Amino acid sequence: MKLLKMWSQRLILLLSTVFLFVISNPQPVRAAETAGINVGDTGFILVCAALVLLMTPGLALFYGGMVRKKNVLSVLMQCLMVMGLVSVQWVLLGYSLAFGPDIGHLIGGLEWLGFSGVGQEPSGTYATTIPHMAFAAFQMMFAVITAALITGAFAERMRFSAFLAFILLWTTLVYDPVAHWVWGEGGWLSGLGALDFAGGTVIHISSGIAGLAAAVVLGKRIGYGHNPILPHNLPLTVLGAGLLWFGWFGFNAGSALAANGLAAHAFLVTNTCTAAAALSWVAAEWLDHGKPTTLGAASGAVAGLVAITPAAGFVSPLAAIAIGLLVSPVCYLAVSRLKVKLGYDDSLDVFGIHGVGGTLGAIATGVFASMAINPAGADGMLFGNWHLLLAQLVAVAVTWVYSGGVTFLLLKVIELFTSLRVSEEEEEMGLDMALHGEQA
Amino acid sequence: MKLLKMWSQRLILLLSTVFLFVISNPQPVRAAETAGINVGDTGFILVCAALVLLMTPGLALFYGGMVRKKNVLSVLMQCLMVMGLVSVQWVLLGYSLAFGPDIGHLIGGLEWLGFSGVGQEPSGTYATTIPHMAFAAFQMMFAVITAALITGAFAERMRFSAFLAFILLWTTLVYDPVAHWVWGEGGWLSGLGALDFAGGTVIHISSGIAGLAAAVVLGKRIGYGHNPILPHNLPLTVLGAGLLWFGWFGFNAGSALAANGLAAHAFLVTNTCTAAAALSWVAAEWLDHGKPTTLGAASGAVAGLVAITPAAGFVSPLAAIAIGLLVSPVCYLAVSRLKVKLGYDDSLDVFGIHGVGGTLGAIATGVFASMAINPAGADGMLFGNWHLLLAQLVAVAVTWVYSGGVTFLLLKVIELFTSLRVSEEEEEMGLDMALHGEQA
Amino acid sequence: MKLLKMWSQRLILLLSTVFLFVISNPQPVRAAETAGINVGDTGFILVCAALVLLMTPGLALFYGGMVRKKNVLSVLMQCLMVMGLVSVQWVLLGYSLAFGPDIGHLIGGLEWLGFSGVGQEPSGTYATTIPHMAFAAFQMMFAVITAALITGAFAERMRFSAFLAFILLWTTLVYDPVAHWVWGEGGWLSGLGALDFAGGTVIHISSGIAGLAAAVVLGKRIGYGHNPILPHNLPLTVLGAGLLWFGWFGFNAGSALAANGLAAHAFLVTNTCTAAAALSWVAAEWLDHGKPTTLGAASGAVAGLVAITPAAGFVSPLAAIAIGLLVSPVCYLAVSRLKVKLGYDDSLDVFGIHGVGGTLGAIATGVFASMAINPAGADGMLFGNWHLLLAQLVAVAVTWVYSGGVTFLLLKVIELFTSLRVSEEEEEMGLDMALHGEQA
Amino acid sequence: MKKLEVIIRPNKLEELKAALTDLKVRGMTIYEVMGKGLQREQKQYHRGHEHLVDLYPKVKVELICRDHWVERIIEVILRVCQTGQAGDGKIFIYPLEEIVRISTGERGDDAL
Amino acid sequence: MKKLEVIIRPNKLEELKAALTDLKVRGMTIYEVMGKGLQREQKQYHRGHEHLVDLYPKVKVELICRDHWVERIIEVILRVCQTGQAGDGKIFIYPLEEIVRISTGERGDDAL
Amino acid sequence: MKKLEVIIRPNKLEELKAALTDLKVRGMTIYEVMGKGLQREQKQYHRGHEHLVDLYPKVKVELICRDHWVERIIEVILRVCQTGQAGDGKIFIYPLEEIVRISTGERGDDAL
C-alpha cells in the first residue's frame, strides 16, 4: 500500500510537471505543410503504424488465452499498461534516445525530448518522404510491442508495481539504445554492416533474451512441472495470432518506409514464410507425437513472422519458404525439449519463439539475402558473401549479451526495492482477483 | 406481435419503393474519373473509413463484455442493427440532411437524397482531393458509431422495436442536424468559430447526453444498487477496447481528410493522449481503493480517445499528455461518485465517459489549441485567445441542451406508441432469450 | 499413423527440394525500382491485401462460434491450415496457374512457378500501376479465403489428413482454373462478357457449390436432425462477422486495383448492401417466427457482402439497397426450408449463404449494372441490355457444374485412399480432443 | 445433521445469501445447474430452425446444518425465494452421516 | 421418496429427457460434471508437452421421485443410455427425507 | 456403500486424484462449485464501485465407495489437502442405497 501511494504521488508529480511544461511551451511544432511529403507514403505508413499498434492487443489475446483463467486479466492488463507507459515514455524521452542526434554511436541525444523538433515536415534523416511525426509514431509502436512481448515470460506471477518499474526501465535502458545501434543514424551495429529489416534483433532477440533472463530470475510458477498448466481459452489465442499476422504486415511492409516495390516484396515474403512455418510446426508435432495442434499452428505462424522480420526486405519468396520450414521445428525443439532440459519456466515461451526464432531469422538473413532484391542491402552467404553472415552473428551476440545482462541486472536492482513476485497465496488465488480485484 | 407485423409490412413497403426507385433511376452517377482526385488521399480515407466502421463491432464487444451473460447478444444485436439502420438511412436521407446544400445554417437540403449527385468525382465543397463518395462513406461511419454509443446507456432493458424506432429518429433528428451545424458547409456552430476536429461535440457529447437522457427516462435495471451487476467477460471488453483504439486512428487521423502532416499529427497525439489516460485512470483507482483494474485501463484508454477527438488536429503532443492525465480522473469521478449521487442507471457509462470526456476534450481544445500546429485552427487560451474557449463552451452547451432535450422528447413520444422497456419477466430471463430466442 | 508418417516424409522432401531450388536460384527478382509504380495505389492495395488476409481468421471465428464447443478448435485449425497450405501453394504453383500466360483460354502457364518473374516492378498485364508482387499478394488472399469458406460445410466431422489433401487439390484443380477463366488474361469466361467485380463467381459460387457437394458426400453429422446442434459462442461469431465486414472493404474496394473513384464507389455500395441485408434477414425472421436473432443479423450481413461482391464496381447505391433487401430473405429460405427439404447437412450453410447469395449477386449484376458507374463494365437488364444477364447466367452455370462436379470427384478419389470422416467415437468425443489433443 | 439442497432462481441468490448470513449460517456451496420442471418452455431459434428450451438456468445452494436449524432455514428460504410462480424451485432434505473438516481433522458438529 | 443421481454421456441427454418425459417424469436437474472411471485415458498436447486426460465431460441428471417409480426409471435409463462400453455411467440411489416446494410451501409427495 | 462429497481447493485436485489412484480408487465425479465458508472475503472493483466477494471457486470430488474404504480415503484426503488454513474444505459422508452400472446393468458392489 505504501508503495502504491508513493507511485501515485509520483504520477501526480509527473502530471504537474507536464502541465507546467505545456503551459510554458512557447512554440510547438510549426507546420511547414507538405514540404516534400509524399502523400501515398504518408498514408501507407500511418496505416502501417495503426496495424502495428493493433499487434499489442493481438498479443494480449494470444498470451491471455494461454494462461489459466484466474490470470487472464493480469496478462491483458500488463499489455495495456505497456501501451500506456511506453507510448508516453516514447514521446517524453524514448524517441530522442533512440533516434535523436547520435552521441558516440551509442545513444541519441536529448534534442527531441517531448517531441520538440519532431513535426509535420519530414525529418532530414529518416524516411524523408513522410512527416517526421509519422516516422516517430510508426517507431513508437515497435517500442510498445517489444516491451509487451517480454510479459509472456513472467506471466502468472509478477507483482504489478515491480512490473511497471521493470518495463519503464527496460524500455529506456535496453530498447532505446539497441534501437539506436541498429536503426539510429550513426548507430554502431548498423555500421558493422548487419542487416535488420524490421527488427529481428532489436525487437525479437532483445525481448526473447530479456524473457529468458526474467524467467530465470523470477523462478518457476507454483506447481510448474507437477500440475498441468494448460491454456484456458485457445480460441482467444488463435484470434490473437490472427491479429498478429494481420498487424505484422504493417510491421514488415511498413519497414520499407514507403509504399513501393520493396514494401510489396516484404509483404509477400512475410505471408509466405508465416504460412510455411505454420505448416512446419504442425508437421513437427505430427512426427513427434502424432497430433497436429491448433496452438501449434498458431505458434508456428508467430515463429514464421518472427523469423522473416529481419529478412523481409532482403530474401526471395522461395527463401522465405525455406526459412519458414526451418524455423518452426527449431522453435518446437526449443520449447518442448530445451526448456525442460534447462529447467526455466518461461510461461509463454517468449525465449523459445522470439529469442530462438529471431536468432534464426537474423542468421538466415545472412544466408539468403540478395542485392538483386534490395540493392540497399547486401548479398548473403548463398551469393558468395560471408561477411554479412559474420556481421549478423556479431549483431545477434551483442544483443544476446546486452539484453540478457541488463535485464538480469535490472531485475536484481528492482528486487532490492520490492519483491518481484506475488505472494504464494496471491499466486494461488490468481492475479486477476489478487492484484486487480476482478474476475474474467 | 401485432407491432412486429406492422413493422415488417413497412419493411416490405420500403423494399418495393426502393425497387421502383432503382428501376426508374435513369442516370446514376457519371464517373468523370479522377478529375482532381489525389490517389494517396483517397486510399488513405477509404482505409480510414474501414477503420471507423470496425469501431462499431469493437464497441459491441467492449459493451458486450460488460453486461451480464444473459444480455450479451442483445447488446451485440443492437450494434449490428445500428450498423444496418444508420448506413441505409445515411444513403437514403441522412447524408443529404447533414452535408447537403445548407438551408438557413440549420440543416442540409434534400438534393442528395439517395446519394443522387454524390459520385466518384470530388465534391465541390468537402475534401476536394478525394471522391465525393469516399467523403460520404467516411462520414457515414461516424453516424453509425455515434448512434451505437448510446446503446450502452439503456443496455439490458430496452424493447427491441422501441430501440429501432429510437435509433432511426435520433439519427435523423439529432445527429444529422448537429453534424450539419458543426461540419456542414454553412452550419451555424462552425460559424461561431468552435473547433471540433473529429467529433468531440457531434459524436461524443451528443451521444453521451442522449445516453444520460435515455437512462433517466428508462429507469434503473431491476436489482440495480442491490444485486451486483458485474461484467461477464472482461477479455471481450479488452478486445473491444483494442479494436476501438485501432479504429480510432481512422477516426482522428482520417479527419485531416488527407494523408498529410496534419494526419500524422492527429495520429500521434491520439495515441499519446490515449496512453496517458489509460495510465491516469489506473492511477486514480490505485489512489482511491488500492487496486488498479483492467476495466479501468480499458476505460481510461477510451476516455482518452474521446477527449482527444475534438483536439487531435490542434494540440501538441505534450498537451495531449496533459489532456490524457486529466480526463480519466474526471471521468472516474463521474462514474464512481456522480452517478451514485444523481442516481441514474447509465448501464455502461455512456454519459460518464463520452458525455463527460467529450465535454472535457472540447474545453481542452479551447485551452490548448495552437495555430502553430494547425493554421486553419485557432489559438487557445494558453496562447492568449479567450474567444476560442468561449466558442467551445457555447458549442458544448448547445449540444447538451439540444441532444438532451430532443432525446428526452423522442423517448416520451415513442412511449406513447409502445413501451420502452421489456417486461420484468423478460428482464430477469435475459434479453437474449426473451427478445432474440438465443443463448450466448 | 502410417499415413501421418507418409505425409511428414513428404513434407521433408518438399523442404529439401525447396532448399535446393533456393540455393541454385541464380537470379531472384531484379528491382527495377518504381518504374511506373503509383505509390498511392500500391499502399492502398497492400493494405487491402492485409484486410483480405484478416478475413480468414475472421471467418474462423464466425464459423468457430457456430459449432459445438468440442469442435471449435478443429474449425480454427482448418482455417489456419488453409492459410498455410494455400499461401505456399500460391507461391509455388497457384499464381502461375491462375494468372500466368494463358494456355488455350483454360489455364495459366508455368512460367511464374515459384514467383519467378513476379517482381517489384508492375506486371505488363495486371494492375499496371502497382508492383506485380502486390497484385499477386492481393490475389493470394482471395485464394486463401475461398478454400477456407468451404470448410464450413464439412465442419465437425472431416478427417484432418483428408481435409489437407482436399484443400490442396481443390485449390489447384478448381480455384486456380476458375480464377483464370474469369480474371486471367485470356480466360474464356471473361471473354463471354460476364462481369465479376470482386469474385462472386470465382469465390462465392465456387466455394458454395463445393460446400454443397462436400456436405452430400460426407453425409450428416451424428444426431443431426434429432439432437439440437447449436452455436456454442455467438459473440465469437459476431466478432467474426465484424472482422469479415471490415476485411471485405479490402476485398471489394481493393478490386478496383487502384485508389480511385471506383474504389470509393465499391466501398460505399459494399457497406450499403451489407447493411440492408442485415436488416432484411432480421425482418424475414421476424415475419417468419417472430424473433429477430443476432445470428440472423450477422448472417444477413455476410449474405449482403457475398451478394454485392460481383456487383460492387457496377451498381448504384440504391441498387445495392435493393440487392441487400433481396438476398437475405432468399438465403434465409435456403437455409431454413431448402436445406430441410433436400436433407443435406451443410454444417454452417456455406451453400445457403455463399452458393445462393453468390448466385443471386451474379444475376443481380446482370440486372443492375450500369456503364454510367463503370464505363469498363456493361449495362444490365434494367438499362436495356439483356446480353449481360445471359453472360452472367452462363458464368454461374459453368461454375456450378465445374466446381460441383470436380469437388464431388475429388472427394470420391480421396476416399479411395483414406476415409473422409472421423470415426463415430471421435465424432462424439469432439474433433478437438480426438484429432488435435486439445480442449478449447 | 442434515443436508439441504435448495434449487432457486439465479437472481435470488444474493438475497438468500444475505438472509442466511443474518441467520448466522455461513457455510454453503453453490452449483450452477440447469433445471426442468413445470416452468413453461421457451423457443430458441437458429437460422430459422426452432428448438424447444426446457432447461432453465438455476442455482443450487447446498447447506449442511444441525437438525434443529432445518425449519428455521426453510422459513427463510420460503420468505426470500417465493414468488408464487412455477419455477421458484424446491428444497430437498437428506440425511448425512459424518462431516470432516479438512483443515483441522475435526469431525461431527464441530466440523461445521 | 428417492433421489437418483444418473451420470451419463453428454450426448445421451436429449434422448433421456425425451424418454423420461414420456414416462411423465417432468422434474429434473442437470449438472455438467467431469468424470473419471474405467474409460481409457486420452493424451492432450501443449507445445510438445504431453498431459494425460482422465476426466471426461459427463452429464449428471438428478431425479427425485416416489419409491415405486425407481425401477421404471432405471429401466428407461438402461434402455436409452446403454452402449455397453466403459463410460456409459452409473445410477446412484439415495434416501431423501423431505421435499418442500418453494412456490407453494407444500411438502412431501405433493411438493413433487 | 457410502458417498463422500469432498470440497477442496481447486489446486489440490491433481494431487488428490493421483493419491486416490494410488489407493486404487478410480471412479470419481468432479464438480466446479463456488463455496462460502470461513474464508476471508475479498473485494472486487467495477469502475470504482466495490463489491464483496464471499464465494470462492472450489472443487467438489464425489466418491462412492464401500464402507470399509471410507476411513482410508479420509486419511488420504487429509494428508493431501490439509494446509491448516480456513478454506481447506470439508468431507461430507452420506448413505447410499443402490448403484447401477449402466453399461452392464450390474447392481450393488459389482457396479462400482
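Observations on the structure shown:
For clarity, chains are labelled A, B, C, D, E and F in written order, and residue numbers in each chain start from 1.
Methods note: contacts are C-beta pairs under 8 Å (C-beta built on N, C-alpha and C of every residue); 3 or more make two chains touch, one makes a residue touch a chain.
Everything numeric here is computed off the predicted structure, so don't read it as measured data.
Common neighbours of chain B and chain E (chains touching each): A, C, D, F. In terms of the stated touch criterion, the partners common to chain D and chain F are B, E, listed by label. Between C-E and A-E, more C-beta contact pairs are found at A-E. Of all residue numbers that take part in the contact between chain B and chain C, under half occur on both sides, making this a different-residue interface. Note: centroid distance chain C to chain D, computed from Cα atoms, is 51 Å.
In terms of their C-alpha centroids, the spacing between chain A and chain F amounts to 44 Å. One inter-chain figure worth recording: chain E and chain F are separated by 18 Å, centre to centre, where each centre is the mean of the chain's CA atoms.
With centres taken as mean Cα positions, chain B sits 33 Å from chain A. Counting only residues that touch two or more partner chains, chain D has 31, 43-46, 94-95. Within chain B, contacts with two or more other chains are made by residues 38-41, 43-44, 47, 228, 230, 233, 239, 289, 291, 293, 295, 436-439. Chains touching one another, given as pairs, are A-B, A-C, A-E, A-F, B-C, B-D, B-F, C-D, C-E, D-E, D-F, E-F.
By the touch rule above, chain B contacts chain D in their complex via residues 223, 226-228, 428-429, 433, 436-439.
Contacts from chain C toward chain A in the complex involve residues 1, 4-5, 7-8, 11, 14-15, 18-19, 21-23, 25, 27-31, 33-34, 37-44, 46-47, 49-50, 53-54, 56-58, 60-61, 64, 72-74, 76-77, 80-81, 83-88, 91-92, 114-115, 119-121, 130-131, 133-134, 136-137, 140, 160, 233, 236, 239, 432, 435-440. Against chain D, in their complex, chain E makes its touches with residues 3, 17, 26-31, 64, 94-105, 111. Listed in rising order, the residues of chain C touching chain D in the complex are 228, 230-231, 285, 288-289, 291, 293, 295-296, 299, 332, 335-337, 340, 349. Of all residues in chain C, those touching chain B in their complex are 38-41, 43-44, 47, 51, 230, 233-235, 238-239, 241-243, 245-246, 249-250, 253, 258-265, 267-268, 271-272, 274-276, 278-280, 282-283, 286-287, 289-295, 297-298, 300-301, 316-319, 321-322, 325-326, 368, 370, 372-375, 382.
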